[in-house]
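For reference, chains read A, B, C and D in written order, and residue numbers begin at 1 within each chain.
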Amino acid sequence: MPALEPDPAPAAAPPPVPAVSLRGVAKSFGAVRALRGADLDLYPGEAHALVGENGAGKSTLIKILAGLYRPDAGAVELDGEPVAFADTAAAMDAGIAVIYQEPALFGDLSVAENLFIGRQPKGRFGLIDRAAMNRDAAALFARLGVPMDPDRPAKGLSIADQQLVEIAKAISRSARVMVMDEPTAALSGVEVERLFGVVRALREDGAAVLFISHRFDEVEALCQRVTVMRDGAHVSTDLLADVAVEELVRRMVGRDLGAMFPKQDVAAGEVVLEVEGLTREGLCRDVSFTVRAGEIVALAGLVGAGRSEVVQAVFGIGPRDAGRVKVDGRELPAGSPRAAMRAGVALVPEDRRQQGLLLDLSIMRNATITRRHRLSRFGFLIGGAERRAAADWSARLNVKFGDLADAAGTLSGGNQQKVVLAKWLATGPKVLIVDEPTRGIDVGTKAEVHRLLSSLAADGVAVLMVSSELLEVLGMADRVLVMREGRIAGELGRDEATEESVMVLATGAA
Amino acid sequence: MSADLRRLARPLMTWDAAIIAVTLAFLVVASMTVEHFGTARNAGYIILDLAPILLLALTMTLIVTTGEIDLSVASTVGLTSAAMGVMWNGGMALETIMPVAVLLGAVLGAVNGLFVTGFGLPSLAVTIGTLALYRGLAYVLLGDTAVADWPRLFTGWTLGTIGDGPVPNVLIPMLVLALACGLVLHATPVGRSIYAAGANPIAASRAGIGVGRLKFWLYVASGAMAGLVGVLWTLRYSSARADNAAGLELTVIAVVLLGGVSIFGGKGALPGVLAAVVLLVSVQNALRLAHVSTEALTVVTGTLLIAAVLAPNALGALRTALRRRRTTATGRTA
Amino acid sequence: MKGSKPMNRRRLTLLTTPILAAALLAGCGGTTQGDDDAGGGPAGDASADPNAEYETGLSFAMLPKSVNNPYFDASSTGAEAAATALEGAFEYTGPSDASASSQVSYIDTLSQQATDVILLSANDPNALCSSLEQARAGGSVVVTFDSDVDSSCRDLFVSQVDSDEVGLALLEMAAEQIDATGEIAILSATANATNQNAWIEVMEAELESNPSYADMELVDVVYGDDEDEKSFSETQGLLQAHPDLKAIISPTTVGIAAAARYLSGSEFKGQVALTGLGTPNQMREFVNDGTVTEFALWDPTALGELAAYTGAAAASGIITGAEGEVFTAGDLGEYTVGADGVVTLGPPTRFNADNIDDFDF
Amino acid sequence: MTALAKARTGSAGLDLVLRFRALGLVVALAVLVGVTTALNPRFLSAQSVRDLLFAAAVTLLLACGMTVVVLTRGIDLSVGSVLGLSAYVTGSALSATGMGTALALGLGLAVGAACGALNGVIVYFGRVPPLVATLGTLYVLRGVVYFIAGGTRINASDLPRGFLDFGSGHVLGVPYLFAVSVLVLAAVGVFLGRYRAGRDLYALGSNPEAARLAGVPAGRRLMTAYVLSGALAGLGGVLYAARFGTVDASAGYGMELDVVAAVVVGGVAIFGGAGTALGAGLGALLLTVIDNALPVLRIDQFWQQAIVGALILAAIALDRLVSVRAARALRTKGSHVR
């Protein structure tokens, strides 16, 4: 990866009035307290890093800035004046722009229209002046240094290009505060470089940039100050130059790393899962690896490197173009999750709300859906078999809930994840695939999940874990497979794997 | 303790329970206030009138619970009825015609299923298409003519009662099918799959549920049920016509939604739908008996339909508000 | 494509085999068309007392094809007048869509209320029979008017006119207007409308047999389904398909009005003659503007009145429905029951520019 | 630079697809008219064309309104009932007061807009799915028409002469009614294509969540869509009264299906975000031509409905195929700028 040179830091003392600041902001969702006192000052002309583990409250903070949520307590100040955004439009009008990790564009509309929706340049009779709109859009992209056809539909744009559209939109709105939520997670090295160039230029023009990232090299390359959050609260804010990465990590985790990643050493058994030459056009190519009983193998890499696609293909989601998947030496057919399940494979998906849970259905139904056939007697599910099974698993995984009949959607993120885990552990898997197992859950639950994975491995389950969190990868895995652009770029043993060695393989920078 | 109380109270707070209570209350009040309403004979008429709606609503409930819709059911009834007329005129035996009609319905349902699950097209558009297509084919088969010379043995059965008592014959197959559908939906793995497919098709398919195949077979079932209703309709009115049951799809959808099934899938229960069928038909019956004009019927149907969705929404909003108050209260004490 | 292959051949076979097997088994020696002799309706065994008085306090209910139809509105006025004259109660009720199945529910309701006289215009000759039988078993007298059901299912039918007379009158009016030469076409109601088909049959037979109509040719019969819009476009279609068309006969009030409206706004106005059955109020404009020369109809008010008297006479035991019985229908005068329990109102009235302003219905 | 060229190809490709969609309808229309005319030359006579345009006017108008609603992922099943209500109310007002045609048009628009506002309120504020809400108002409004009208009928002779002339009159062979519909079609087309509020409707249908983030005023826009659909159905009611001269309580009964069919055949995506008023208009025209050609071609009129059904299925299947292809093209040709 190209060396990310630290920026020449601007004047150490920022201008007196922050462009935007949060004072003791709190926000709860039902029983979950996502933010319990967040403080943040963002000054014009600075790039400010916000770091914290998954579930530290970063996303909630962003959504408050974006005007999507209203804080329960505390204040948002703009140029020192308290404000309350009624909706997203109000936040945008105030000059705050948010670029999400996966931007939401209008696929059916053109790129230019996506930029200017609701503010299209008007000509005679209030008609939209398409030519002017396309011209303005082209000018914006030229300014960003990226040529893009403003007239093409947004459908089919890569994530990097979608982010550029969002940035162009922010610029066109002359945003003074730009919030970027893990914008680099899905970008290649070149794309990151290009993005940083754009961000630096914006900052030099006086914009305030809030940059959320898991990658400390990027943070160091781009930002001047860093704020650490943990459990919904502000921990510290420092000049990056004053604080070491190790110290930041310690503050983020807030506890002993050993307690966070309770990895037991297990002697690996027989090969259980065998993947040979797995290929899906445009998603992954010639992927081969094995996982043994008792082993935890991590699939690392950038978002979009094809990790989730690989595990999905292993589980039989979607067709394969080539390759074989074997469990205990027996081949699994493509395109049949059911066959994979029968062979003893379980997949805990990365997006539990979209792919894992039946949010409107009860906790009981969710926890037992994978075992609906086994729990039935003579084809009927009567009596308390489901309730007993669900209660049993909920107790084992320490799920906190009001009633088993409550909708799964009412649970907190961590408990939702436990329900998904329960549903799959109930099938007694030989191969447990977990895709981002601790995304969006609190630190306590995170440690519990790690402990669970570790003990499952100790019991002889082959665990395949996809994770974007390097600490998790390094802390939990016996072996690390690093993917880049759909291929396995390399394999690292537990003792070889470091933050650096993984990132080198992941980004392809030598 | 409060959790126990809540668990006990839960069944009482659902839409199902509400619609069942409303239905019972209406039946009691109407029996006391509307002349001729509370008689066994009138109950028989009500059962005969609600039979086709109820039967179609059974499979419609399953389909809507998976998040799809089937607007073509009434046209399927019309087409099977017309086909029966053609077969009868062609000299086929009624004992052959009846199963063939049901099979034809299943095939028509399979066509819907193929378009929806095989080609991945939106079921609303597909079944609006087959709504027109099947009705059109019914007219092609039979034109504007009617086939009316059905044997009395069979037509008499559809109208008759068990042992000449007060219980109509058709009640038996209705109850059997309702029980079967109820068991499938609420007490079998297939039922769990139906709810899962409606609540979150992606998550469902990842839990090993063949969502596409499930929906396909539900469309086949819906078609077969429409075929069966076609047979009953033809024999009950002793008249095979292309326009039989025209417009009935809207009534069926209305009762399913009124019964608390979410149009987005994943929510709802059969008892509520059954109650809704009884409610709608007996309200119409009572209004007629009370000499209330026809236009009131349409207004009542439409209002009930909107209210059925509005009311739970309002209730939900209220409940969230209450919960919010409760959590803030506990938050304060903590 | 997402999802697995929906068609699972094995399961389909499993599913269909028993059905087909049952079908085939049943096919041998099953019930087929013609096996069943429809048992005749209850025979009238009561005897008539021609000298009896009309009972007072009878309850009348008129059940039209659908309630939002001015023609039946007019009929109900007449029936109500008769009911009032006989000191009875009158109700006008029915479905808003003209379907047989909705009518069944209304008949059931009426029979529960033990209505003495049901005056019915049927949407289907057969579908209503079983309900009507129950109503009659419960003591109601069923009189059909305007549109009949199977004669075994009702007591009496009040016919607006004799089928032959209507057919002949329609043909005569058309012939007069086109000098009995050229192509003619018929715009009817629905294809299975009992009345219209009977009249069309008469016209066809007359065209065949009567030498004075030798130069006239019936080229087409189309159906407007008694829907305004459909009748309108069917008229359009007729004129396009038959460029040499000379006259259109529309034996239905909806059809003739729609056809007249089309003709009056088209180049065919005055070129193509139009006649048939229509109400003076609907047709007044087109007679005045020259689109239509002459058309005919009976008086629907009188029809409703006669139906009510007929029902009352049957309920009072004055008649039973046997041929030859005689009763007096108020101001309408004396009527005789014909074959099959049919009472006929009388010849249709012809309307033209000279007399149309004398009528208001 | 090459990337730019490539990206443009993608766009031009999609443009072509969209244009091809409308073109396909035009070709289908041309073939149908051609074949019919070859078999019966009178099909293209001035009178016959006029009849066709008369018949198309009302469906065309309603299809414009339906397009606006469907674009937002909604549907308006109440249009037939709204049309009936407006036709009857306007007809009664005309026969009672003999008011001018312009006033009648305004009254129809107002009645329709009120009904549309009712739909909008139920959908947006009541959070009732559009299908359910408008199915409900379909019943309720029809009940209201029955209630007002009962068994009465407004006859041509009750209506002012000027109004009837407006209904049957034409200028340069084009009926006034059709001219009104075409004007509305053009206006709706421009609104959808060239006004911010119109583009917002596409945005709402394309990605509701993104629309929320982008600050699109969803409530106001949805209200606009439903009010517009209602108002056009109301206007359709006046045209209906003018064309037929007679109005009873069943005016416009079952019309919603024709209109939805026209819109779907015209290439408007039933789940929003894509489609044009022009396409819907062509769809309406195609269905009307089929309607009128069948009797001329001596094809049993009973086939009409079956053909419409088959056409809907063909249209959505084709759209699906095309969009899958287009998506693939866009992905592979993507604008990865390196």
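The rule is short, and it goes like this: a contact is a pair of C-beta atoms (placed from the backbone, for glycine too) under 8 Å apart; a residue touches a chain by one contact, two chains touch by 3 or more.
All of these numbers come straight from a predicted model, not from anything done at the bench.
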| item | value |
| --- | --- |
| Pair joined by the larger number of C-beta contacts - B-C, C-D | B-C |
| Most distant chain from chain B by Cα centroid | A |
| Chain C and chain D: spacing of chain centres that average the CA atoms, whole Å | 36 |
| Centre-of-Cα separation between chain C and chain A, whole angstrom | 73 |
| Chain B and chain D, separation of their C-alpha mean positions in angstrom | 30 |
| In chain A, residues with contacts to at least two other chains | none |
| Per-residue multi-chain contacts in chain C, two or more chains | 4, 67, 96, 223 |
| Multi-partner residues of chain D (at least 2 other chains) | 146 |
| Parts of chain B lying in touch with chain C, wherever the complex brings them together | 35-36, 39, 41-42, 45, 49, 88-89, 91-96, 99-100, 102-103, 106, 110, 113-114, 117-120, 143-146, 148-156, 159, 205, 210-213, 216, 233, 237-239, 241, 243-247, 284-285, 288-289, 291, 293-295, 298 |
| Partner chain B, residues of chain A touching it in the complex | 28, 30-31, 315, 317, 337-338, 341, 347, 349, 354-361, 365, 368-370, 372-373, 376, 379-382, 402-403, 405, 423 |
| Sites on chain B touched by chain A in the complex | 3, 6-7, 10, 183, 187-189, 191-193, 195-196, 199-200, 202-210, 266-267, 323, 327, 331 |
| Chain B residues within the chain D interface of the complex | 69, 115, 119-122, 124-126, 128-137, 139-140, 143-144, 242, 247, 250, 253-254, 257, 263-264, 293-303, 305-306, 308-310, 313 |
| Residues on chain C engaged by chain D in the complex (per definition of touch) | 66-70, 72-73, 96, 222-223, 228-229, 232-234, 236-238, 240-241, 243, 257-258, 261, 264-268, 281-282, 284-285 |
